[in-house]
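In the two complexes that follow, chain A is the common piece, with chain B as its partner first and chain C second.
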Partner chain A sequence: MPPPTGPAGSRRRAGPVAALLAVGLVAGIFLSATVGSEWIPFAAVLAILAREVGLGGGFAPCAGLAVAPSQCTVWTEIVWDARMPSILVAVFAGAALALSGGTLQGVFRNPLADPYLLGISSGAAVGAAILLTFQLAVADQATLLPVFAFGGALVPGLVIYAAASGRRRGPESLVLTGVALSALFSAVLATFLFYNPAAGLQLSFWLLGNLQAETWTDAAIVAGVVVAGGTLIALSGRELNVLQLGPAIAESVGVEATRHTRRLILLSTVVTATSVAFTGVIGFVGLVSPHVVRLIVGPDYRKVLPISALFGGVFLLVAWDLALRILPPLALPVGIPTSFVGVPFFLYLLYRRRPVGP
Partner chain B sequence: MNGAPRADEAALELEGVSVAYGATWALRDVSLRLGPGEVVGLAGPNGSGKSTLLAAAAGLLGPAEGSVRIGGSDLRRQRPATRARRVAWMPQEEPPGDNVPLRDYVEYGRYAWSDRWLPPSGADRAATDRALTETDLLGLVGRGIGELSGGERQRARLARVLAQETAYLLLDEPTAYLDIGHQLDVLERIRSFAHRERRGVLLALHDLNLAARFTDRIAVLARGRVVADGPPTEILSPGLLGEVWGIAAEVRRDPTSGLPYLLPQLFERTPSRPSAAVPRRVHVVAGGGSGAALLRSLLEHGFAASAGVLPLFDTDTELAHDLGVPTAVELPFAPIAAETLGQLDRLLDAAEAVIVAPFPVGPTNLANLERLAAWVGRRPTFLLDQPAGVRWDFTDGRATAVRDELQRRGAASGAGVEAAIAWLGRLPSVSPPA
Partner chain C sequence: MSLNPAPPSAGTVSRTVLVVAILVTAGVAVAGTAIAYDLLPRHAGEVTVVDDLGRPVDAPLNASRIVVLAPSIMDIVYRLGLRDRVVGIGCTVGEAGGMENEYAPNQTSLWGLNDSLCITDFPTLDTERVATLQPQLVLASTITSAQQVQQLTDTYGLPVVILAPSTLSGIVDDVAIVAQLFPVAAATATALEESLDAAIVNATNFDTYLSNGSVAIPTVFLTYGFYAGEYYTFGPGTFGQSLVDLAGGDSLSAGLPLAYEGVNATAILADQPQVILFGTSWNDPYLVANQTPSVWASSAPYWSQLNGSKIAVDVTILTEPDPTMVLALPWYLYDLHPTLYPKPSGSPP
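Right after this comes the complex of A and B.
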């Protein structure tokens, strides 16, 4: 069952689509900074961000707005120290999940592949939970979180890789393996959460994803790993294209199929684990984004991967805004809106008629 | 052109290659040579190791026993990109994959040539264009690979392999799923391309008739071993077919091309005997298809027949063989040997009558008529009229003289098979069994 592709071999213009998404992403970042427990005027957000990044010169951030200076200071703290890290983590985590989903779909030639459905996200969460539950290396927690998350994600990653190279490699069996692993790791995670001696863990954070309480350090780590890992992934578009013909044909035209497959699974695991370490488990971003992008720009992975990253960033950002707006002043776990969008889409992919192939 | 093979390109050589899947040998000590410009068919029953041999020749099955090389080092130890510039491989099946535009799909074949950091070079585009032209797909470049018909799709796969610009191409059942028209089309493209561009092609084919028609050599595999390797005319024999495929088949020759073709038999032939009574035997002298209608008619009317002397591979010879008619046979274009004339004498002796079909007579088969002169008094003889206005005597009148002599000595004559059968009916000693 090949991933669904756009109508025919139409070569749509990927450039305009990417540009549109990039503009949407930047606009989304600004707009999102106005949303939260307190609404902050767009003009103030613009001024605060301009000053913080050094563009504002000597202007007072809230000049021209009928706001008390103390209010302005509070807003600055909210926008720059509270909201921006969360927004950036949302953007880069969304990009990471989308890239990871697109890569796994390509590597396994399976439209249902996704770090969440395959249990890689839950594995990463267990790894991170081990660090937090036992309060290891308290001083370096932020830097070590992705490392532990990666260790945890590697377990389902390897099992899935073995399952996909094994005899039973139908698309459903891969996903069922993932579902089983996911259930197992969720149970392990729940055990840690109930044990939780230091109360360092929140159930909803880990199981449904949350972008509250992100710091600039968190954002810097996620951004750094995702940009580096994502670039390496996106550069493998050519190999992923050829790998769609199966590893044997790929080898015959000169692709080192095994090496690239392993490398891509590893990179997907790294970027997924890093984002999960700071956001918890967020479902369906990785499943939906590449499919939507494929419908628009066609099946070429050289275009699908980078544009999916942009799309995933926008998707998770919008989901985060929704999570903040559905039941204000409560911030819902961000995995709730992504699931609302993702589950119907997943069912559609599962029951959609297989395309007729030769 | 970077990929075009040089005239001094070394041959692709497999030496002592063995491959095992688990405990069973898929290939056992296989040695095979494929030279530039050579089209070699790989034949063998299902499971004989053809696909394994092709994958091994492409260097895709990890270093096991034996060696696979084009000149230098073992292909299986080369980097995939290096290997992919020398050998292209097309397996029998391919996952349906994405609905990629045809041109992008063919360009996958350029992977080993093109630069990761640059868009496709002029050479890449030119190679892709040539591959599309060679497979007659240029008109379809706008289509997606998933929108092509089976025949177009197969040509697209071939184009992908051609775009690789390798000296050697290994094709596993390139005609699978194709109708007969597309089979001929694809094979002719492959053959003419290989000969024109001096590329070596090894292709697995189930259809031995197609293999005989389109290949320079056939290698036959049975249970992982090469059991025969040579030109189709030399190696295709009923014995080999029985041994390797377990079938009874005749190997005939196409009269126009001289190529062998097979006629498998579903059951043992039982000569038709219309009655329990021993039928009267009539000897037919013919050639070049002139005796076909006569032989059939005789058997239909309940006579037995013999024939000769006929050249090997003559259509009359093959029909006589088919009908189970005893025939004296001589090599084509050779004068009739004394020994063969002895056979003819024995057949004439066993016959009750002789009918001479209107066949062209040349120096090599003139002896047929001359021999009849000795028998015309002892066996009733009927000469079918030579068609008017068609030259049949290629012996400077000697054949005409013999024919006149036969008539003078009492041979009857007339036009048409019906006249001959009627004549047989009037003979007192020769009557069809009731």
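Right after this comes the complex of A and C.
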């Protein structure tokens, strides 16, 4: 039996859609650099970016503008050292969440599976909450917050990874394990908030996602892990396609279901945990992105996974721009626009045409 | 040719684990390198101060442009004659009168503050605005998140000194830290430290007198607001506790598990504190709606059933750990011991 590949029309759309998203992503990165609480002329932003990416020293960001050289230096710091790391973290975290969501939906053959449902995000939230609620290592909180969140996110992922080892553990059992862990972590989180309401504000910002204070180090870590782990995931499209036919058929065609399931759960956990550690909990991207892509290009995971990554990157980048523009100079938690924009868009796509897969 | 692909080798999982381990190790290595870079010595000619979080901070001496992100720090800056160097202050946005919600009218007029100085600092700090003002020094409290302090330091290269005292003596230490940063204000700082030390010594001597005699120490509950049936107070390890201790009171909040938290109204009713210090404001637009004696009387749970002395204190003196709080110690001593401590002349600072 052939694995699902979708209708021919969908297959033909994959290339143009991927190209469109890639172009949109690059354009979005440049345009997003102009968005922030401080107004910086568009031409200056482009010149700063061109100079910093090595297109030559001929780009003078403040040429023709009546600003002091020191102000120009500050603009460079804002655009290149503050905004660009946040933009790149948004792109790679969006890609990670979308990839992870698509993978988990395929592994569990469940359209509701995503990092949030399986407790990975809740685990990260509990990790962060431990640090913030009990005011541990106050002087080093900025460094330790991602570490605690990463550790918290690994817990549910590894529990599900271990549970997947049992040959009689079906996808339903694994999903329900994740749901149970998620509920448990939510209860723990609520207890922490009840225990120390004063920590609630800082924690609530983190729980809804915050990209405001990213650094180049953050961006490098997220990008490195997402590119490496995401590539391994994206190359597993064929195995995921076969897994949709059930473990027995998958085994009969040489795809070891348990081995691939565990491997994909582990990779999804690591890329998600890394992203969430630096961004906080961002819902909806991991759930919606694969569905939207599937509606456009069909159910073939060889196409769904890489295109979902592109879509997730664009989606989170747009959401971050909106978060900065809705109530300036406040930067809203990015989880707010992802839901406000994503839900209507998703419902529109869902009811406009019959959904496909997973 | 077989239609079946070759089965994956037995080492697939272990290779995956290896890749994951390498990724994690690489991440830790990158982070470690960045941290190590941060620990490298900075430019010569700067002063290094240790702030209230125990962080060594390199900062220029006598910075000509400073950003102040808490009213309590502004009090120190003003008293040391450094107001003219302030190019930005933290203000709340999202509500009408962002500055008025952080600074009482008497403070804005005394310190010469206006909206043009405002930098949004709540719920998050507008770091781009801070950078655009090109300060040489940022003085912040722990209200500013650790991530944003790190961004100011790492991304914009701005020295950020955290001043968040947990005792009234810590307020004197903060004055000394600011004096280290501004030798130009050394003489003023020394005089201020002496007056603050004198106020603390005076209170300590009175406390010693109380503990040696047969005078009963009153139980005190300090509260600066109520919400959802709970009175908010200062727990152990806070300047609020230090204030009640020095004022000769036995704080009912000393045994709370957290530094800042709400206490169930029924618990306070059961304890029946002999003195209730509660924060009030007749000026601040938000606090007027929430914290006047009449609002406390009408809205605070079980307020009428609390039998102890209820003493209204301007919320800025009650909640901002600054020199004004220390200089107000005689008034607190009188409030808690009206028959033993002489009534101070004039009005609180």
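To be clear about the criterion, the second predicted complex is superposed on the first by the 255 of 358 C-alpha atoms of A that agree within 3 Å, B and C clash if a C-alpha of one lies under 4 Å from a C-alpha of the other, contacts with A are read in each partner's own complex, and residues count from 1 in each chain.
In the analysis below, a contact is a pair of C-beta atoms (placed from the backbone, for glycine too) under 8 Å apart; a residue touches a chain by one contact, two chains touch by 3 or more.
On a predicted model such as this, the values are computed, not experimentally measured, just so you know.
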- On chain A, which partner's contacts cover more residues, chain B's or chain C's? C
- Task: Report for A:G254: first if it touches chain B alone, second if chain C alone, otherwise both or neither.
- Result: both
- Message: With both complexes superposed on chain A, which partner does A:R109 reach: first (chain B), second (chain C), both or neither?
- Response: first
- Query: Looking at chain A, which of its residues have contacts with both chain B and chain C?
  - Reply: 252-256
- Query: Across the complex, what residues on chain A touch chain C?
  - Reply: 36-38, 70-71, 74, 77-78, 81-82, 85, 135, 138-143, 145, 195-198, 201-202, 205, 210, 212-213, 215, 217, 220-221, 224-225, 228-229, 232, 252-256, 259-260, 262-263, 266-267, 270, 274, 327, 329-331
- Residues on chain C engaged by chain A in the complex (per definition of touch): 3-8, 12-13, 16-17, 19-20, 23-24, 26-27, 30-31, 34-35, 53-55, 93-94, 120, 123-124, 126-129, 131-132, 134, 142, 145-151, 154-157, 257-262
- chain A to chain B touching residues, read off their complex: 2-3, 5-6, 8-11, 109, 235, 238, 241-242, 244-246, 248-249, 251-257, 298-300, 355, 357-358
- Query: In the complex of these two chains, what residues of chain B are touching chain A?
  - Reply: 55, 58, 60, 79-81, 83-85, 87-89, 91, 94-102, 104, 108-109, 111-112, 116, 142-148, 150, 153, 160, 164, 177
